[in-house]
Amino acid sequence: MAIFIDSDTKLVVQGITGRDGSFHTTEMMEYGTQVVAGVTPGKGGQTFEGPDGASVPIFNTMDEAVAETGANTSVIYVPPAFAAGAIMEAADSGVDLVVAITEGIPVLDMARAHAFARDQGVRVLGPNCPGMISPGTSKVGILPAQIVEEGPVGVVSRSGTLTYEAVFALTNLGLGQTTCVGIGGDPLIGTNFIDCLEAFEADPDTEAIVMIGEIGGTDEQEAAAYVEEHVSKPVVGFIAGQTAPPGRQMGHAGAIISGSAGTAEEKMKAFEDHGIAVAKRPVDIAGLIQERLA
Amino acid sequence: MDIHEYQAKELFRGAGIPVPPGEIATTPDEAEEIAGRYGGMVVVKAQVHTGGRGKAGGVKLAKDAAEARAHAEAILGMDIKGLTVEKVLVTPGEDIATEAYVGVLMDRKKQAATFMVSPEGGVDIEAVAEENPEAIRKLTVDPRYGLLPHQAYWLANFLYEDKALARQATKIIGQLYEAFQANGCSMAEINPLITTPDGELKAIDAKVSIDDSELFRLPDVAAMRDTSDEPAAEIKAREAGLSYVKLDGDVGCCVNGAGLAMATMDLVKYYGGEPANFLDIGGSSNPDKVVSALEIITADPSVKSILFNIFGGITRCDDVANGLVEATSRIDIDLPIVIRLTGTNEEEALQILEDNGFSAYSSMDDVVEKAVELAKA
Amino acid sequence: MAIFIDSDTKLVVQGITGRDGSFHTTEMMEYGTQVVAGVTPGKGGQTFEGPDGASVPIFNTMDEAVAETGANTSVIYVPPAFAAGAIMEAADSGVDLVVAITEGIPVLDMARAHAFARDQGVRVLGPNCPGMISPGTSKVGILPAQIVEEGPVGVVSRSGTLTYEAVFALTNLGLGQTTCVGIGGDPLIGTNFIDCLEAFEADPDTEAIVMIGEIGGTDEQEAAAYVEEHVSKPVVGFIAGQTAPPGRQMGHAGAIISGSAGTAEEKMKAFEDHGIAVAKRPVDIAGLIQERLA
Amino acid sequence: MDIHEYQAKELFRGAGIPVPPGEIATTPDEAEEIAGRYGGMVVVKAQVHTGGRGKAGGVKLAKDAAEARAHAEAILGMDIKGLTVEKVLVTPGEDIATEAYVGVLMDRKKQAATFMVSPEGGVDIEAVAEENPEAIRKLTVDPRYGLLPHQAYWLANFLYEDKALARQATKIIGQLYEAFQANGCSMAEINPLITTPDGELKAIDAKVSIDDSELFRLPDVAAMRDTSDEPAAEIKAREAGLSYVKLDGDVGCCVNGAGLAMATMDLVKYYGGEPANFLDIGGSSNPDKVVSALEIITADPSVKSILFNIFGGITRCDDVANGLVEATSRIDIDLPIVIRLTGTNEEEALQILEDNGFSAYSSMDDVVEKAVELAKA
């Protein structure tokens, strides 16, 4: 078992003919993800040549792609100017889940796109996220497949490479993962910590959860309160950005301390107050999980 | 991107908001000339990307052109929170009857633009929110409908009992929302929105932040970027596609990924050191980016050691190692460099680095500890 | 019992200081409707002087009116340019029901206002409607009170004076009404025949239903199908406009035969096909009801 | 309100839709002059508020200016479905490769603007809908979001396989939606939208209906009203605030309320007569309105009897009776008038009418029967 994606995931790649889209489509297909269709307006009728002679039909619209292939998930590698439109097209097409990798989508566009997806009852992951991977079954996005392993730990994180660090440490200790989810570093994201915690709590195969946050916003604080009330499984947390100065954006558009709000201290305190073990260093995450699964 | 008060006022004027006139001076002569043309009292205001200009002495009332000149002389070149004042705004003094606050920003939790208004204007709204929250009225704008007329009036009605003032404020609130949308703002505020003794509303201060992701489609707004008070290193980093923030320490950090970069800085502190910077080189192994990163780090005189922390995922470690070798061959660096490379093709990468005389580590903790030690040496 | 309004209705009048608003407020108060507040922007703090020394507080906003008085229903006598805005303000204020009397509201404004009200879960009646009356308890709108009588018949109609005609005939035969609802003559209306039929079916005091339609649109046809499937009580129908030429708007903005769609013949046939007794003349409506209640 | 093709094309041009040039001629001379300037083939098109102009001979291709003049001569003054042609549009002939249909109208059931597009253009879309429904693609636009880019493309993609054509059509569909919104349309269509042999899209016919309720805020659109082919009685009725439609019968009807007015017409028919008109005087008892109503009805030479049917609700019957008496004293009428007044203050009203020599009834059936009888007498 896993959350959000698994062996039933039938994926459409929006922007499949672009540089990133084509590269990661091959990677996903190599991992075993069922990539059933690609969409690039104006390239309908062509095919994408994947690894091992596999080929993927390309459609002009999501509507056609879903009608022809029964796809249930979409991943978006579309340039920022068109990405919010692509998310809305996906949300309108009948898929249940839209994973938006694109970085740099205008926030005002995303406010509309998130509202639209909510109205359609469609889950959006991201944008500006690395996607997710359910080891052994499916990978949607850009997370490196070679560092993951099947196992009992659910991982949810706002950052990319820091997640790799944590996952790699888990794998090295023999602690595999049910699903690793990168929720993204943008100010407005479609799936937050609480959504993932709820799903991991409901997933019978997940035995412990790693939650990796960073400065900016209050998602981690709310997630901590949620954990205390609704999550029975052990949760280990980490917050990046203790040394970040206020008012400066640290790479991610959402990683910024506004006034005195959104500091790492505040978030770590919230974790501790609500019974979440806080790792001081990334390397400690795996150890704390190991203790709790012993 | 933050823009200056005078630029924010231009955007507001474009949306129809009543903003008093004002001109920019970069010399005392200019300030005197402008003040002379306005006649009477003027205000001389430092244009820097920070709050608290008033407290720092960057905003002064002048009774005539000569005094305006004197104030400009004092303010131009002044240091406010580390930023040098290069420009002042000269604007006629206004008779103020009341001061209110009107602001709108993107609320992360509501995922929508949210207004805050308060009849207690001219002060720090965060302080009002803390000390007197009932003096603030908030409204979230549903992006599907935009700001509705009754919502603008509901906000205005909280500010002014007087019918005519409430009507003017309703209009201004609508115009502020328009300016916010049209210019890709993440924040736009009028503080204070004043009433004059004869019942007119005017926005006499303006503050706007633009969502960087909007700039590609808003060339006029993008052209408002003023790098004059921005550290050269940050300008260079932005141009090279890097994300760089200068800090106070001595361990130069170069990392792929923002989260990992922050975690690396935190680990430097954990091991008793102080990070000199945040620097995210992104997912690319392009040697040009590595060169730029090294140039930026080495240009900081306080840096004592350089730490690379790369987690190769999609990016192959051997590509990065080659980029690093090429980059260091292009520029002379006499600081110690320690490197951690792990993930895809790690073995090959470590071999390349060793062959070229670099210390290579596979653990983040080891490399950070070493960098701290070298910085202290 | 009655539908939508009754003795628990606490009404705010939007546009209470206008010519129509003030006149009908007095009428409604005289009938016994609990008018608890009025709203006119800029006139907050004043009072409206009703009949018999009763006075009604006026507020600047619906928000204040509802907060101060606990109103649960609003009626709108606001000029067309501002009426859609007033409907949205009402829908946003916490009332459950908004009765929009105003005629001539731009249809594009109403498309947005109806969407907004749906999003808030608020029922809109109208616009361009005479409102409704539950004899003996409450009247909201402009229906003349003197022609109604308490009794077992539910009346729903797209037109005003034609409804009076039918109601008057019912009353003259001793057939009183539970509620008389004028759903309005605009192309886009918030409450349609089916909504009213559903409510009358659920209302234990309603024993028979009169449904008065006119040319234009397909509401009557859909209502007829609904009656056959979901309404156990006898329904008598009437359609105005058998002699109306196609393509011409007959007074009401919504009363227009487009191409060959929306004719009286089509609607009368739908009524007959689905077991609704069709009155040939307005005067026959009361007789047909009487037969069915005998 | 319907506007002419050339006016609809102006609105479309304003939204950026590619529309060929064209000018209006009211005389054959003008048509010849315009055609001469364009050179080559032109089309001369009757401008009347009805469909089926082509079938009626109101649209003609001319190979040169002389022929354009001849066609204009034939078309100007022509009667099309009871409307006299006062103007022709002269527009260059286009080479047509394909013809499509693109239209948007307010859908009552969906309560939102709904697009219909079909690759089968240039024909009656209702016929296509009936005979070949799969040749039509429909899309309802959520008013909360407006037309989204992928929706416009989805429609365009149904019309054209060619990538470049689909891209142009996407843009045009977006522009049509803009024109629809900006001009308060209830319907806007391009039929046909043609492709030229060199791959350009052009809107060569245009049809637009405006929501009357929008006109108060759209003065430019309101100014497009052309009453030249409208019956004088309907113009007068509109100016007097009455709702009037001329019919073919001889019983003049004057009723308060649209539903009751239709029911009254139907009852005239039921009793073997034919209504001469629909006329709704609204809720007012203003004698001026009653005068206008009587003037309009009596100006129709086919009217043989006049029937008033008033249900006094909020309106008091005695007020209406007084209005009627005053109105009939102001104009001479030698047609029989029968009146039914019921509802509020009915007794007083009937007394007033009798005192002034009018037949007054309280039953709708009685009065209609009487009016039919009088018309036949």
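By written order: A, B, C and D. Residues from 1 in each chain.
Keep in mind that, in the parts below, a residue touches a chain if its C-beta (ideal position, glycine included) is under 8 Å from a C-beta of that chain, and two chains touch if they have at least 3 such contacts.
Given the structure is predicted, the values throughout are model-derived calculations rather than measurements.
When the C-beta pairs in contact are tallied for A-B and for A-D, the bigger tally goes to A-B.
Greatest Cα centroid separation from subunit A: this falls to D. Averaging C-alpha coordinates per chain places the centre of subunit A 28 Å away from that of subunit B. Between the CA-based centres of subunit A and subunit C the separation comes to 50 Å, rounded to the whole angstrom.
Centre-to-centre spacing of subunit B and subunit C amounts to 55 Å, using the average Cα coordinate of each chain. For subunit B, the set of residues that touch two or more other chains comprises 142, 144-145. Multi-chain contact residues, meaning those touching two or more other chains, occur in subunit A at positions 112, 119.
Taken together, the subunit B residues at the contact with subunit C in this complex read 142, 144-145, 148-151, 153-154, 157, 163, 166-167. Remark: subunit C residues 41-42, 44, 60-63, 82, 85-86, 88-89, 92, 112, 116, 119 touch subunit B in the complex.
In the complex of the two chains, the subunit B residues touching subunit D come out as 144-145.
Of all residues in subunit C, only 23-24, 27, 80-81, 104-108, 110-112, 114-115, 119, 142-144, 146-147, 157-165, 168, 185, 187-188, 212, 214-215, 217-219, 238, 240-245, 248-255, 259, 264, 280-283 touch subunit D in the complex they form. Per the touch definition, subunit D reaches subunit C in the complex via residues 106, 108-109, 111-113, 126, 142-144, 181, 184, 186, 211-214, 216-217, 243, 245, 247, 255-263, 265-270, 275, 278, 280, 311-314, 342-344, 363-365.
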